[in-house]
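Chain nomenclature is as follows: A, B, C, D, E and F, assigned in order of appearance, with residue numbering initiated at 1 for each chain independently.
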Amino acid sequence: MRQRKAGRINRAFYIGRFQPYHLGHHTILGNIAGEVDEIIVGIGSAQRSHEPENPFTAGERVVMVSRSLKDLDIDYYVIPIEDIQRNAVWVSHVRSMTPYFDLTYTNNPLVFRLFEDAGVQVKRSPMHQRDVYSGTIIRKKMLSGEEWEHLVPDAVAETIDKIGGVKRIREIARDDVG
Amino acid sequence: MRQRKAGRINRAFYIGRFQPYHLGHHTILGNIAGEVDEIIVGIGSAQRSHEPENPFTAGERVVMVSRSLKDLDIDYYVIPIEDIQRNAVWVSHVRSMTPYFDLTYTNNPLVFRLFEDAGVQVKRSPMHQRDVYSGTIIRKKMLSGEEWEHLVPDAVAETIDKIGGVKRIREIARDDVG
Amino acid sequence: MRQRKAGRINRAFYIGRFQPYHLGHHTILGNIAGEVDEIIVGIGSAQRSHEPENPFTAGERVVMVSRSLKDLDIDYYVIPIEDIQRNAVWVSHVRSMTPYFDLTYTNNPLVFRLFEDAGVQVKRSPMHQRDVYSGTIIRKKMLSGEEWEHLVPDAVAETIDKIGGVKRIREIARDDVG
Amino acid sequence: MRQRKAGRINRAFYIGRFQPYHLGHHTILGNIAGEVDEIIVGIGSAQRSHEPENPFTAGERVVMVSRSLKDLDIDYYVIPIEDIQRNAVWVSHVRSMTPYFDLTYTNNPLVFRLFEDAGVQVKRSPMHQRDVYSGTIIRKKMLSGEEWEHLVPDAVAETIDKIGGVKRIREIARDDVG
Amino acid sequence: MRQRKAGRINRAFYIGRFQPYHLGHHTILGNIAGEVDEIIVGIGSAQRSHEPENPFTAGERVVMVSRSLKDLDIDYYVIPIEDIQRNAVWVSHVRSMTPYFDLTYTNNPLVFRLFEDAGVQVKRSPMHQRDVYSGTIIRKKMLSGEEWEHLVPDAVAETIDKIGGVKRIREIARDDVG
Amino acid sequence: MRQRKAGRINRAFYIGRFQPYHLGHHTILGNIAGEVDEIIVGIGSAQRSHEPENPFTAGERVVMVSRSLKDLDIDYYVIPIEDIQRNAVWVSHVRSMTPYFDLTYTNNPLVFRLFEDAGVQVKRSPMHQRDVYSGTIIRKKMLSGEEWEHLVPDAVAETIDKIGGVKRIREIARDDVG
């Protein structure tokens, strides 16, 4: 988090659920890293974990993202953002939890709209090869026993291995007795 | 909100999400206006906005309802009601946010049941031409570019136009990158 | 709520807890009424009631304010605003619950600061004879049996009388057995 | 809740939504009763009621379970557990609301995983004839007018009869006007 | 929880924070036990623990109350009640979490008022020797090392001993570094 | 956040409200830095800001802490932790939001107790010259116009200057009109 340049720091914000963080996200952040001084990565739906769609805790996702970002030559902040369930206040919520930023990158239409309405500059960041790099696809591969490690940075594969992430996804995916 | 008659004021409560307020609602409120002194209109799920099913904020819906009700010769209150996520306390929640009322009109079976259980008089208010006047249908027409303005009071069409409501619905309906 | 002038409506926002609404508030709103087309009155801490500092429900306060405002020749909205317990998102919360407004009047330093930070125009509205017109003083007089009716608009005194407000304040003020 | 044996009390925890409590649950608890000194029954999603999937209040479910458990010769606690919407803290939440327990029985994979992660001993308790004894099936039979009373303990059938449970389920299942 | 009499069960509700449950509470419940068939004891502020004013968890308080009530020849339910922070819905909240009851005993003026407003019969239950039997006094004695065990039922003293309650109170009372 | 050593990373957790981060905190973290591989700093009461006791947002505090920690030769994570208002689940909440850690340093007796109860190793970290380095004292100096900059790291003084922190503290400290 050293300040790269003299003068005002140019910070960009990027948010995702990162269930898990994959090479699609990593490519986008790599591109953003070329355009700004510092990146703030928001870990969305931070309070969720141990669900088929949200298997990993915010803390686990902080590790995945932080360790992967070390490969990029950029200073960064990784901040868990809990859901607030009110779209109209969501941008203020995000801003209160994060260092000041000038610019948001997103490909999510709602996030785009909310930041634009709030007067924050927003740029589109289309997901790289979205039919290949996708949290949904990766979680399915984990469930079915297919290879998935090549779709995420090495640091993510190591983290998931260490916490027994694949076993967790399989367990919580099983039918609930209700 | 002038008091129409001497003696005790006869107030009725009517609640909807009003996404948006349309002529089906307006016909019902017109009928109710003939039977009571004052109407309280509750704006349900007040905290929701910028969602495909709930595009408009409570404040925007307050404007739609208030401006439309001026056509009816009735005194009224328009009150946002946030969700409380516990059906068993919902009637108490509504009563705490609104002026005292004697009577509820609803066609929603759950609302009917909850008020009846709480000892409040409830009357059914069947939606007028429900296959024509429906929030779901109107939002679909907005999405697909069809005419929808004839399904809502003029004041609602003006309000939606002024806030860029159709553009908002289209933006947030686009696929989320996830 | 008729639109007073052709062209754009000039709306101001004013918020208070109104426990109860008194002539100090009424004087301020009378002054504001001379400067704008419509007033939005926010009923703060709407979810609180039956407490020594907050004896009246939001609905009761809506009645107090609405009936009093009829004396002023101004169109108005009266909107309960629940606490959100996060100052950094409070302005967004208020804006989502209310019709659009251009201007806030307040004498509360925090409210002043939060609106100013959010880029909303704010004007100071000093309380008229604050040592006389004060919710705290009025609640104390109710407790001790002194005259208080001359400190509030007639409609407020009638409303409090009708709901047994003085009895309520005395009951809940008694020592709690714990 | 008399202490059955000298020495340390051996308590087991079992949780369900019990919408309603049926003979499948009762068989499991009968088996558990043979293995421990005391049973703690958690009433899950306690804050939910008057929904098609969750028709009964926590209090009604407390009565169903408590009256049924009297047939088993075991001391028990019946505790409503409100949802906390954060899987990662759910076990701590349960433990804070209940007497200390050594052991959990469950057939729910998520509950199994969360307790295991928290270092609590967990045993699987497969539902007895799950295609016969099931809350979903019982609620469907109530809706369609079929016999359901033979699927629940007598005390449950009596409780549901007394509170008008079948009428409630039918009313809230009707289509919402929206 | 066997039904004592033929015909309708007469249930009373009594709520406290029980930090800890003491002989003052026990005397009141002994008196109530002579007047009704079943008692429902609500454990108030259930979500609080590990605070100087609220040292014990709801689960620990459930044990204190349940074990003490076995001495009284009465059927009972012990139900944790989480705070809902809205007085106007509190009675509905309590009723949703508890078996149906006809009557409340309380000496708390707010509880008295809220139940009376909700149309539930309420009777006053003055605390027996309130200057002797008091949670505040007992917690102070625990802090200062004085005798306190004679102020609570034996089962409560045993429970507090077993969970290391006095040590906990002393630890959390120490000055916070802030 | 580079991994300092081969083998398992030794991480410590330290939490504070950091209103603002000062040299007392910095001395403690400097000491901890000598004992572990990585530090996780939790920003407590993250959702609070713009209050006399909690003037700064979580995001502003993240900047204060992150920029100050760059002076220490240690890898670190800075994580906002929102209050959860339930002591019994607080440790689970913290763990879900943070990377895995083995050890907590604290001088707060409640934090000490909660972590110890949860089976996490805790060490005491007495505040260095607590009568000099204290958030309360620093906020008072800001209010009264005394020198305070020498009590915080340079990066903190710069951050507070940049966001107009002293002006904010003075504004929100003024008496509320109520």
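By our rule, a residue touches a chain if its C-beta (ideal position, glycine included) is under 8 Å from a C-beta of that chain, and two chains touch if they have at least 3 such contacts.
On a predicted model such as this, the values are computed, not experimentally measured, just so you know.
The set of chains in contact with chain E as well as chain F comprises C, D.
Relative to chain F, the chain whose mean Cα position lies farthest away is B.
Between chain A and chain D the centroid-to-centroid distance comes to 38 Å (mean Cα coordinates, whole Å). Annotation: 43 Å between the Cα-based centres of chain D and chain F. Inter-chain spacing, taken between the CA centroids of chain A and chain E, is 46 Å.
Residue numbers of chain B whose C-beta contacts span two or more other chains: 47, 49, 57, 86, 88, 95-96.
In terms of which chains touch, the assembly is arranged in some other way, matching none of the line, ring, star or all-to-all patterns. Across the assembly, chains come into contact as A-B, A-C, A-D, A-F, B-C, B-D, B-E, C-E, C-F, D-E, D-F, E-F. By the touch criterion given at the top, residues 47-51, 57, 168, 171-178 of chain E touch chain F in their complex.
Per the touch definition, chain E reaches chain D in the complex via residues 1-2, 46-47, 49, 57-60, 62-63, 66-67, 70, 77-80, 82, 95-100. On chain B, the positions that touch chain D within their shared complex are 17, 85-88, 107-110, 112-114, 127, 130, 134-136. Every residue of chain A that touches chain C in the complex is listed here, in rising order: 84, 86, 88-89, 91-93, 95-96, 119.
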